[in-house]
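Below you'll find a set of structures to go through.
Two complexes follow with subunit A in common, the first pairing it with subunit B and the second with subunit C.
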Partner chain A sequence: MNEITDTLLHYFTFPFVRYALIVGVLIALCSSLLGVTLVLKRFSFIGDGLSHVAFGGMAVAAVFGFTNDAVIVMPVTVISAVLLLKSGQNKKINGDASLAMISVGALAMGYLLMNLFSKSSNISGDVCSTLFGSTSILTLTMAEVWLCVIMSIVVVVSFLLFYNKILAITFDETFSQATGTNTGFYNLVIAVITAIIIVLAMNLVGSLLISALIIFPALSAMRIFKNFRAVILCSAVISVIAAGSGIIISILASTPVGSTIVAIDILVFFIFCTIEKLTGGIRYCQ
Partner chain B sequence: MSVKVKKVMALCIMLIVIMSTSACGTDTSMVEEIADKQDSSTVQSTSGTESELLNNDEKSVTDAEEVETIEDNNSVDIDLTVLSSTMVYSEVYNMMVNPDEYMGKTIKVIGPYYASQLVYGTEKYYHFVVISDATACCQNGIEFIWNDNSHVYPDEYPENNTVIEVVGVFSSYEESGDTYYYLKTDGITIK
Partner chain C sequence: MALITCKDVSLGYEGRSVTEHLNFEINKGDYLCIVGENGAGKSTLIKALLNLKSPVSGQIITGEGLKPTEIGYLPQQTVVQKDFPASVWEIVLSGCLNRCDLRPFYNREEKQLAMENMEKMGISNLSKRCYRELSGGQQQRVLLARALCATKKMLLLDEPVAGLDPKVTVEMYELIDRLHEKDGITVVMVSHDIEASVKYATHILHVSHIPLFFGKKEKYVLSGNGFQVDKSREASENE
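The block that comes next holds the complex of A and B.
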C-alpha cells in the first residue's frame, strides 16, 4: 500500500497530472449539474449529438490549421445546441430526428474532412483520441486549463443564478410559460451551458462517451433521492468522485482515462440501484 | 437527518473505500513488474544479433570493446521506465510540446525499437523508441542518436520491435529548416 501511495505521490509531482485532476473534477461537476435537467427534460442524448458536432468542428479547425480549435468548436457547438432545442418545436422534422440528423451528419463530415485535408501523419490516432479521449486530459496546455476553469465558473454561476427558473421549466415548461417566465431565454441558457460542457468534456472522455458523463450520475442519484436539490447534490458528488478516482486509477493501472471514468459511473449506477432495492429510496419534500 | 439518509451515506462511504482499495490492488502487479525490470541485469548493446545477446546467460557485459556505456541511474533526471504507460505517453507528449523545459536533461526510456528511412532514396535511417498510449491508438516516437550515428545500420542495431532501453540527453538538431528533438545516447540496452 505504501508503494502505491509513493507512486501516486511521485505522479503528482508532474504538473500535467495536477492539471488533469483539476480539469477533470471541474468538468465532472459541471456536467452533473446540467445532467439532471437534461435527463428530466428527456434530452439525455443531446450530449451525444452535440459532441459529434464538436468533432466536426474540430476537424474543420484542424483542416484550417487552427492551433486553438476552441475558436471554431465552441461557436459551432453552441449554434447547433440552440438549433437542436429550437427544432424540438418544428413540426416537419421532430426533435429526435433532427438530433440524429445533425449528429451523424457532423460525425461523417468531420471524418471525411480529416481524411481529405488533414496534414497530420496519424489520422486514425487523431480520430481515436477525439472519439475516446485517450490521454487528452493528461496533455492539456496551461491555456486549456485556464479556459476550462473560467468556463466552469461561468457554468456553475449561471446554474446557481437561474436555479429556480431552471427547476421550473424542467418540471413544467408550459406552466412556467403561462406564469410569465421567458422559457425561450432559459432554454437558450441551458443550450449554451450544455454546449460549453460538451466542448470541455471532450478532453476528458472523448466525444463518444460524453453522454455517460451527463446521464449516469443523474440517473444514479435519482435511484435514491427524489428531491431535485438532493438529486443534483448527490449527482455532483458521484460525478466528481468518479472522475477523480477514474483519472487516478487510469494513471496507476495504465487504462484509458475516459473509459475508466465511465466504468466507475456504471458501477456506481448499479450500486445505487441495489441500494434503492434495499432501502426503497429516499422520498421527502423540501 | 433521517435514519435512512444516514444508512445510505454509510453504505456509500463503505463502497467508496472498497472500490479505492480494490483499484489500488490492481496496480501492485504493475509496480512489481516495473521493479523486476529495474532489478534485472542489463544486456549492453553489442554488434551481435538480438538472439545472441539474449542467449548470454550472465546477461552482463560481454566484450569490453563492444560495450558502449554503462547506465547510471543516479544521473537520470527523468526516468520514464518507472511510470505507467499512460504517464509515459503523457510525459513524452509534453516533451514534444514543451521541449525547452526538457533540454539538456538526461532521460531514461524503454519501448519497442523502430528504424525508419524517413526520406526514401537516401541512405539515412532514423532510430526511435516507440511509446504507445493506453488505448494503443496514439503513438509517440522518441528519436535517439547513438554515438553520433557512428554505428552501422542494420548490423549493429536490434531488429524492429525489439524492446530497448535508452538513456540519453534530450537535445535538438536542425534539418531542412525544421527543429527535431532526440536523445543523444552512448548506448542502448536490449530488454
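The block that comes next holds the complex of A and C.
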C-alpha cells in the first residue's frame, strides 16, 4: 500500500500528471451534466456523431499544418451540433439518419485526408491516438489546460443558470414553447455546450469513447434516483470519481487512460443496476 | 371583446389546408369542446391557438388582456415523459417558468403557487414521488397542476382522458368541471367523447374539412351533427 502511495506522490511531482487530473475531472463533470439531458431527449448518439466530425476537423487542421487544431475543430463541431439538433424537426431526412450520415462521412473523410496529406511517419499511431485518446491527456500544454478550465467554468455556470429551463424543455418542449419560453434559443445553448464538451473530451478519451463519458453516468444515476436534481448530482459525482480513479489507475497500471475511465463507468453502471434490482430504487428522495 | 376570436381561419400543412373558414369566439367563462374525426385539424387548431403555428390564412386575435403565453396547456403525453426521472414537485413547478423571464430560479411566490395547485388537484401527497411511477390518472393531474401554474385564465386540454379507464375518466371530467365552475377558468378541450362534451361543455365546435358547427351545446344536440358522427363510428365498428 505504501509503495502505491509513494509511486503516486512521485508521479504527482510531474506537472503533466497534475494537469491531466485537473482536465480529466473537469471534462468528466461537464459531460455528465449535459449527459442527462441528452439521454432523455433521445440524443445519446449525438456525442458519437459530433466526435467523428471533430475527428474530421482535426484531420483538416493537420493537413493545413495548424499547431493548435482547436481553431478549426471547435467551430466545425459547434456548427454541426447546431445543424444536427435543428434537423430533428426536419422530416425529410430524420434525426438518426442524418446523424449517421454526418458521423461516418466525417470519419471517412478525416482518415482519407490524414492518409493522403499527413507528413507524419506513423499515421496509424496518430489515428489511433485521436480515436482512443491514448496519451494526449498527458501531453497537454499550459494553454490547453487553461482553455479547458475556462470552458468548463462556462459550461457549469450556464448549466446552473439555465437549470430550470433545461429541465422544463427536456420534459416537455411544446408546453414550454406554448407558455412563452424561447425553446429555440435554449436548444441552441444545449447544442453549443455539447459541441464544446466533445472537443474538450477528445483529449481525454478520444473521439470513439466520448459517448461513453456522456451516457454512462447519466444512465447509472437514472437507475436509482427518481428526481431530476438527484439524477444530475449523482451523475456528476459518478463521472468525477470514475475519471479521477481512471486516470490514477492508468498511471499506476500503464493502461490507456480513456478506456480505463470508460471501464470504470461501465462497472459503476452494473453496480447501480444491481442495486436497483435489489432495492427497487430509492422511491422517496428530495 | 372575446378572449380569443378566430376570423375566417384556415389551417394546414405546407400550404395545403386541412380546415377552412373557421369562425368562432371564446368568451370568458366558456367551456368549449372541439370535436371531429381524426385528421380534421383539431391538433393543428390547438397549435394555432397556442401560437406555435401560424394559420394559412385568417386571423386569431386574443383580447381582454390574455397573452398567448398565458394559456395553460395540457398536451398529450410523449414517449420522453413516460420514463422521465423527475419528481412531481419539479414538474408542477416547471409550469411557473413563464413567470421567471430571465431570473434563473423560482421565488417563494411561485413555489407557493405550485403548492396551492397541487393541493387543488389532490396530489400534494405525491409531491416527492417520481412522475414515471404514477398511474395515468395521477400523471394527468400533475400535468393539469402544471398548466394551472402557467395560467389564471384559460386552459387548453388536448384529449385529457385519452388512455384513462372509465372511473378515472369521470373523475378527470369532474375535476375540469370544478375548475370551470368554481375557479371561473375558461376551458377549451379537444375530445373524441361527444357524450361527455355535450354533458359538460357550454359550447361545441365541430371541425371537419369544412366547419360543421359552432354554437351552444343545446343547439348542437338538435343539429344532429353529433349523431352523424356516432352513426359513422357505429358503421365503421360494424365493418
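Everything below uses one rule, namely that the second predicted complex is superposed on the first by the 283 of 286 C-alpha atoms of A that agree within 3 Å, B and C clash if a C-alpha of one lies under 4 Å from a C-alpha of the other, contacts with A are read in each partner's own complex, and residues count from 1 in each chain.
Convention: a contact is a pair of C-beta atoms (placed from the backbone, for glycine too) under 8 Å apart; a residue touches a chain by one contact, two chains touch by 3 or more.
The structure displayed is predicted, hence computed values, not measured ones.
Following the overlay on subunit A, a side-by-side fit with no clash is recorded for the pair subunit B and subunit C.
In the superposed pair of complexes, A:226 makes contact with subunit C only, with no contact to subunit B.
Judged by the touch definition given at the top, the superposed model places A:174 against subunit C, while subunit B stays out of reach.
When the two complexes are overlaid on their common chain A, residue A:164 makes contact with subunit C while staying clear of subunit B. Once the two complexes are laid over each other on the shared chain, residue contacts for A:106 go to neither subunit B nor subunit C.
In the superposed pair of complexes, A:14 makes contact with subunit B only, with no contact to subunit C. Residue contacts after overlaying the shared chain place A:4 against subunit B, while subunit C stays out of touching range.
Of the two partner chains, neither subunit B nor subunit C is touched by A:214.
Seen from the Cα centre of subunit A, subunit B and subunit C lie 170° apart once the structures are superposed, a value rounded to the nearest 10. Superposing the two structures on chain A brings subunit B to within 12 Å of subunit C, judged by their nearest Cα atoms. Of the residues of subunit A, those at positions 284 touch subunit B in one of the two structures and subunit C in the other. Residues 1, 3-4, 7, 10-11, 14, 16-17, 122, 124-125, 128-129, 132, 134-135, 138-139, 141, 224, 241, 245, 248-257, 259, 264, 267, 271, 275, 279, 282, 284 of subunit A are the ones that touch subunit B when the two sit in their complex.
Those residues of subunit B that touch subunit A in the complex are listed here as 2, 4-5, 7-8, 11-12, 15-16, 19-20, 23-24, 26-28, 30-31, 82-87, 89-91, 93-94, 97, 133-135, 137-139. Of all residues in subunit C, only 50-52, 67-73, 75, 78, 80-81, 84-87, 89-91, 94-95, 97-98, 100, 104-106, 128-130, 132-133, 146-147, 150 touch subunit A in the complex they form.
Residues of subunit A that touch subunit C in their complex: 40-42, 160-165, 167-168, 170-172, 174-181, 222, 225-229, 231, 283-286.
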